[in-house]
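In what comes next, subunit A is part of two complexes: it sits with subunit B in the first one and with subunit C in the second one.
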Partner chain A sequence: MSHSPPVLEMDNKKNVIAVNSKARMKIKKAITIASFLLPGLLLYAVFMLYPMIDAIRYSFFDWDGASSTMNFVGLENYVQLTKDDIFLKSLGHNLLWVVLSLALMVVPTLVLAVLISRVKKGKTFFRAGFYLPSVLSLAVVGVLWSKIYDPMMGPINVFLKTVGLDSLAKNWLGEPLFVIPALVIASTWAFYGLYLILFLAGLQSVDYSVYEAADIDGAGPISKFWHITIPSLRNTLNVVISMVIIHALKGFALIWIMTQGGPFYMSEVVSTYVYKAAFSMNKVSYATAGSVVLGIIVIAFTIGFNYYRERTE
Partner chain B sequence: MKGSKHKISLLLVILMLFTVACQSPTSSTDNKTKTDSTEEKNETASGNSDALDLMIPNFYNDVEKQQWESVVEKFKELNPGIEVNLTTGDVQVESGKLPTLLQSGIEPPDAILMNAGPGRVSILSDVELIQPLNELYEKNNWEDALRPFAYDLISKGENIYEVPHMIDAIGMFYNKDIFEQHGVEVPSTKDEFLKALQTLKDGGVAPITVGARNGYAIGWIFGVMMESVMGTEKVEELLYGDGKWNDPEVVKVAEMLAEWVEEGYITKESVTQTQADSKFRFLSKQAAMESEGTYLITDLADQNLQDSVDMFMMPSFVDGKTAKPVGGVGQTWVVPTKAINVDYAEKWMGFILSEDFSKIVLNFPDYNFIPASKASMSIEPVGEVLKSAMKQIEDGSGLNPSVFIGVEAKEAYYQNLQGLVGGLVTPQEAMESIEKGAEKDRANGFSLK
Partner chain C sequence: MVTRLRQLKGSQLTLWITLSVLLLFITSPIVYAILASFKSNMEIFSSPFSLPKSWNFDNYIGAWNLGNFKTYFLNSAFITIGGMVLVALVAAPAGYAFAQLSFKGNNLIFYLVLLGMALPVQAIIIPIFFQLKAMGMVDTLSGVTLVSAGLALPFSIFLMRNTFRDVPKELRESAAMDGAGEWRTYWTIMLPLAKPGLVALLIFTFMNIWNDFLLPLVLLISQEKFTISLGLYSFQGEQTTNFGLIFGGTVISMIPSIIVYLIFQRSFVEGMASGANK
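Coming up: the complex of A and B.
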């Protein structure tokens, strides 16, 4: 029986200790990382993933929201949704809402942010003033704008009638052509402060020397806006556009307060429709299927937009 | 390693806290027995097992609030030792708030006063959110304590889930001073009624205001019109029999509604007007008439308008018939399945059907409900408008469809009536859509037969 020399044995021991301590370090590192990540992940799992997965599960059943039993119906709820005229109409309204929101929210807010950033005095006043609507609850905003649009006593119609433009005084929330644009304007008013602040933050990070160089090259204000401001705000714009799209697709409170989806389904969107189906009609699984469809559309929009953005970059 | 152990322990504690926090107080107790519930009595937030928790609709004004306080005082006087916690809230099924409250797992009140009707109550009873009261009916002989008309309406099915609180009487409220100004008398025939509408319109006043944005409010006037144009029997056939919403008689009523909007008898703007807006318009004398129930009486008292507002039923358009105010059971008591103090709820509902209750409420000069109890039939109310309404429904009332139809039909009913007022749908299309909703309800097992 041969014995390894004591020096070699010592080296082996050292190696083993080194490996052990490396492994221990790795475990320690992993635990440290996990201890930072776990609370967030746990919250996310409990409050987001679990309800989402459960919602998908419910959409394959015929649960009424309260009974202890439910039957598996497979894709039946989804099949019914494709035949449901009101659901399809609601989806269409959601898409119209997205288009109008993008048009009314992104460009005007960006222009406003640029103008405010140029103001020499009272910048804080304008920032605070324009941000003010964002701190109001949507219930307040809804009631406020309902009164503004009131066909009889609302200031818009009163003004139009006073200046002799009676024919332009409409029932803003009662006519099919106007109801969604009117709601989008109210929604825009409630949220533009938030996007304005995002744009203002983005503008602060634009290198001022680029503007100086452009000035020397004789660039005009529109040219500078188009060739410097817009590209510099690319990331902010992406965030804002994504947020506008997501908000437009999942908006509920304002519509519920102002029209409840009416009149005659003219402002029905998926969120109001599924709310009625779930809580007024006890069709929880059917409503859940509708929500899943909306969720898929929101995710698809967001992924699609980000994919397009990355490709163009 | 010791540090890691601490971290893992900390995480486990957090996880445990989450699990506990995410558990609702009554979750996983779906099949709890009454014994369990009684044991839980002592663990309620109030810690007062002798309290009866009641939930009633939001007060419209201070007059209602004071009336309820007096009623509760009387109950406490008759039942010493029982505390009463009276809370108010949205008790409409249509808004989804009541089903959500009962589904939420939060400890529910012992009894809830909700907007009545099989179309509403069934939404809760079908999914066992409220409990059947057959045993209590038998034990307390409540059948005999109710007006026969009210008992008939709630006892069609195998189980009884409600104790009617009041009978609705929806008709036309009118501003007497506006009528006088324009030389209009209370109409008693179809022609007189139509003439009154035209006279008021020609005089530059809005003849009828409607809060069509709230489905139930446009349902009130349409129900009144159905009663007048079709007659009670035809409406009964539609709701209880084989009648269809797209039958020519019903389409005729829809055409009349559209025509009245077209003629300017009902303003087109009504489509976006809430019931509150409409009531404001009526009470501030901007419109001559509004279709309402007796609930308006407390508002009249609140604004000192008792002398200038009165009520009449739209005359029958059918020769030789008399139209009755529409309604049915207006508000009704239900007991949530998870209610704890059912015995106290029983005492309360017994009190509501008693002579004591009727005496106290009908002696308020501005009381706005017609009690559903038989005891109230022999008591004359002090208030003039209520007296007149009670007289008109002595032999029963007409039917307000909103109360008697299933969920699919009701959603279609509200939306399509709004569509008619807004000129967004034709009468025929509107009635076809409601019939489609009713067909879906029938397919889902909804029936009043």
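Coming up: the complex of A and C.
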């Protein structure tokens, strides 16, 4: 009897040690995993998640960015936005930008990709060459194209005047009718390269034996394009179209560099308007509400699109 | 058979000519800028499409000295290299954890990271400015570096997770049986296998941060902190009518990204295609 308690104790001790080491292993594992994850998550949380929450918070207040007090105003900023002609106009310009980008970007780039994919020797050369504009920064593209469009010294108008078409020489970035199309052309030049690469990658998976069969059936190039190329590029087309739309909604740098939203708000989009409202008009909380609206549109579109893609795949 | 071959050759020739003409047209703005950067204002106006009368570098020298492009260069280099190192150091391990280590909430946390990929910078730039202001880091290069790295993370973690998912899990398990710790396995076995993904990540990060405009515009105030994009923008504002000088500055700003592109052209394009298709 007198010997049993120590034995029991030993057993207990063993168990305790086993439990302890198991728990210790678990803690050690958790620390290891945390050491992999946390630095990244921390940086992400500080500079993305937290500002995201802050953006929503600001939008319910009235704040000029400098004063120490913030007045809660509920949905007032959002209500004001719906009555703000310039904001609504900016939103409309975003939509026009989307439509024009889709028209200029998708089909022409696809045709170009098909042409390049047919080349036997020198495919890499053309791919690299056509991608070149996409390598440039938007500051370079913006400055370059504002000089190209310059009414006095720009090459477009100088050319039109030398061939005697003076009446066609316009102030491209200064006239309401031309400013957005002119900007979208510059933006298309800057961005189509990415979509070209995506189409070329997609075209690699097209089954060319189907083409040969179609050749035997005597199908023409256009009919082959519509009935074979387009359907087999469905996924790529989906990705490209959604990316074009999202890029168009997010555009800022080119517009800011080339027109700052002018003349008379004629090229104002939500991101330029919000930037002005926050940093030169000190309407910080109001501007944040506008940017939240833009953010919600973009996120809703992205999620909706991914959902659609997963369902159809 | 012979005629068929000849037809094929003929159509290849037409294709080549068509594409070459198109390529000339598409790259003409770049060629125009390079030619104009060697011309005086007068010459740009009188003969915009011809070769310059002489190849003088006055505009480059003028832009470099007048426009502080040297300072802008160094600032951009600081922010870009800092951002690349930071992104590689934190995004690759995080991507590795999501792909290879099992833990509770893996998917949930990953979706939270994906949310950042959908979120446009424009939606949070105002709070970012005020947050950085509260941290006393507005108008500092390290502030821009931190924010740039933070905003690059969702895509970077996503890319590295996809890269590490293609590495077989057995490799990690057998290393663990040999008694190697998780970090040792990561550095010596897993990371070398993920090299193509890592290279793609570094090129992406370089291009994004080097070419960025919005963050420097909002977060930097004094001219001597400007990056090359912001510097070029302010330079064109100062020299509104001096086309020669502006084109000098524009071409200077083009050179680094074009050089990086030419060196890494292949991995660049392939990384782009695989990154967006996944």
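Assume the second predicted complex is superposed on the first by the 245 of 313 C-alpha atoms of A that agree within 3 Å, B and C clash if a C-alpha of one lies under 4 Å from a C-alpha of the other, contacts with A are read in each partner's own complex, and residues count from 1 in each chain.
Here, contacts are C-beta pairs under 8 Å (C-beta built on N, C-alpha and C of every residue); 3 or more make two chains touch, one makes a residue touch a chain.
Predicted, not measured: the structure shown is a model, and the values here were computed from it.
Enquirer: Quick one: classify A:A103 as touching subunit B (first), subunit C (second), both or neither.
Expert: Touch status of A:A103: no partner.
Enquirer: Counting only touches as set out at the top, which of subunit B and subunit C does A:I27 meet: first, second, both, neither?
Expert: The answer is first: A:I27 touches subunit B but not subunit C.
Enquirer: On the A-aligned overlay, A:A213 touches which partner chain: subunit B = first, subunit C = second, or both, or neither?
Expert: neither
Enquirer: If we overlay the two complexes on their shared chain A, which of subunit B and subunit C does A:N282 touch? Say first, second, both or neither.
Expert: first
Enquirer: Based on the superposed arrangement, let me know which partner A:P151 touches: subunit B (first), subunit C (second), both, or neither?
Expert: After superposition on chain A, A:P151 lies in contact with subunit B alone.
Enquirer: Of the two partners subunit B and subunit C, which one touches more residues belonging to subunit A?
Expert: When the residues of subunit A touched by each partner are counted, C comes out ahead.
Enquirer: Quick one: is A:V46 in contact with subunit B, with subunit C, with both, or with neither? Answer first, second, both or neither.
Expert: both
Enquirer: After the superposition on A, what does A:I230 contact: first (subunit B), second (subunit C), both or neither?
Expert: Neither partner.
Enquirer: Touch check for A:P176: first (subunit B), second (subunit C), both, or neither?
Expert: A:P176 sits against subunit B, while subunit C stays out of touch.
Enquirer: Quick check for you: in the superposed arrangement, does A:T259 touch first (subunit B), second (subunit C), both or neither?
Expert: A:T259 contacts subunit B only, not subunit C.
Enquirer: Intersection of subunit A residues contacting subunit B with those contacting subunit C?
Expert: 35, 39, 46, 65, 150, 275, 278-279
Enquirer: Provide the residue numbers of subunit B that touch subunit A in the complex, in ascending order.
Expert: Residues 1, 4, 7-8, 10-11, 14-15, 18, 22, 30-31, 93-97, 99-100, 102-103, 123, 126-129, 212-213, 268-269, 271-272, 277, 281, 407-408, 411, 415-416, 418-419, 421-422, 424-425.
Enquirer: Taking the complex as given, what residues does subunit A use to touch subunit C?
Expert: 30, 32-33, 35-37, 39-41, 43-44, 46-52, 54-55, 58, 65, 112, 115-116, 118-122, 126-133, 135-140, 142-148, 150, 153, 155, 158-159, 189, 194, 197-198, 200-202, 236, 239, 243, 246, 249-250, 252-253, 256-257, 270-271, 274-275, 278-279, 284, 287-288, 291-292, 294-295, 298-299, 302-303
Enquirer: Which residues of subunit A touch subunit B in the complex?
Expert: 24, 27-28, 31, 35, 38-39, 42, 46, 64-68, 149-152, 171-176, 259-260, 262-266, 275-276, 278-282
Enquirer: Which subunit C residues qualify as touching subunit A in the complex?
Expert: Contact set of subunit C toward subunit A: 12, 15-16, 18-19, 22-23, 26-27, 29-30, 32-33, 41, 44-45, 48-49, 86, 89-91, 93-94, 96-98, 101, 103, 109, 112-113, 115-131, 146-147, 149-151, 153-154, 157, 181-183, 186, 207, 210-214, 217-218, 228-230, 232-233, 236, 243, 246-247, 249-250, 253-254, 257-258, 261, 265, 269, 272-274, 276-277.
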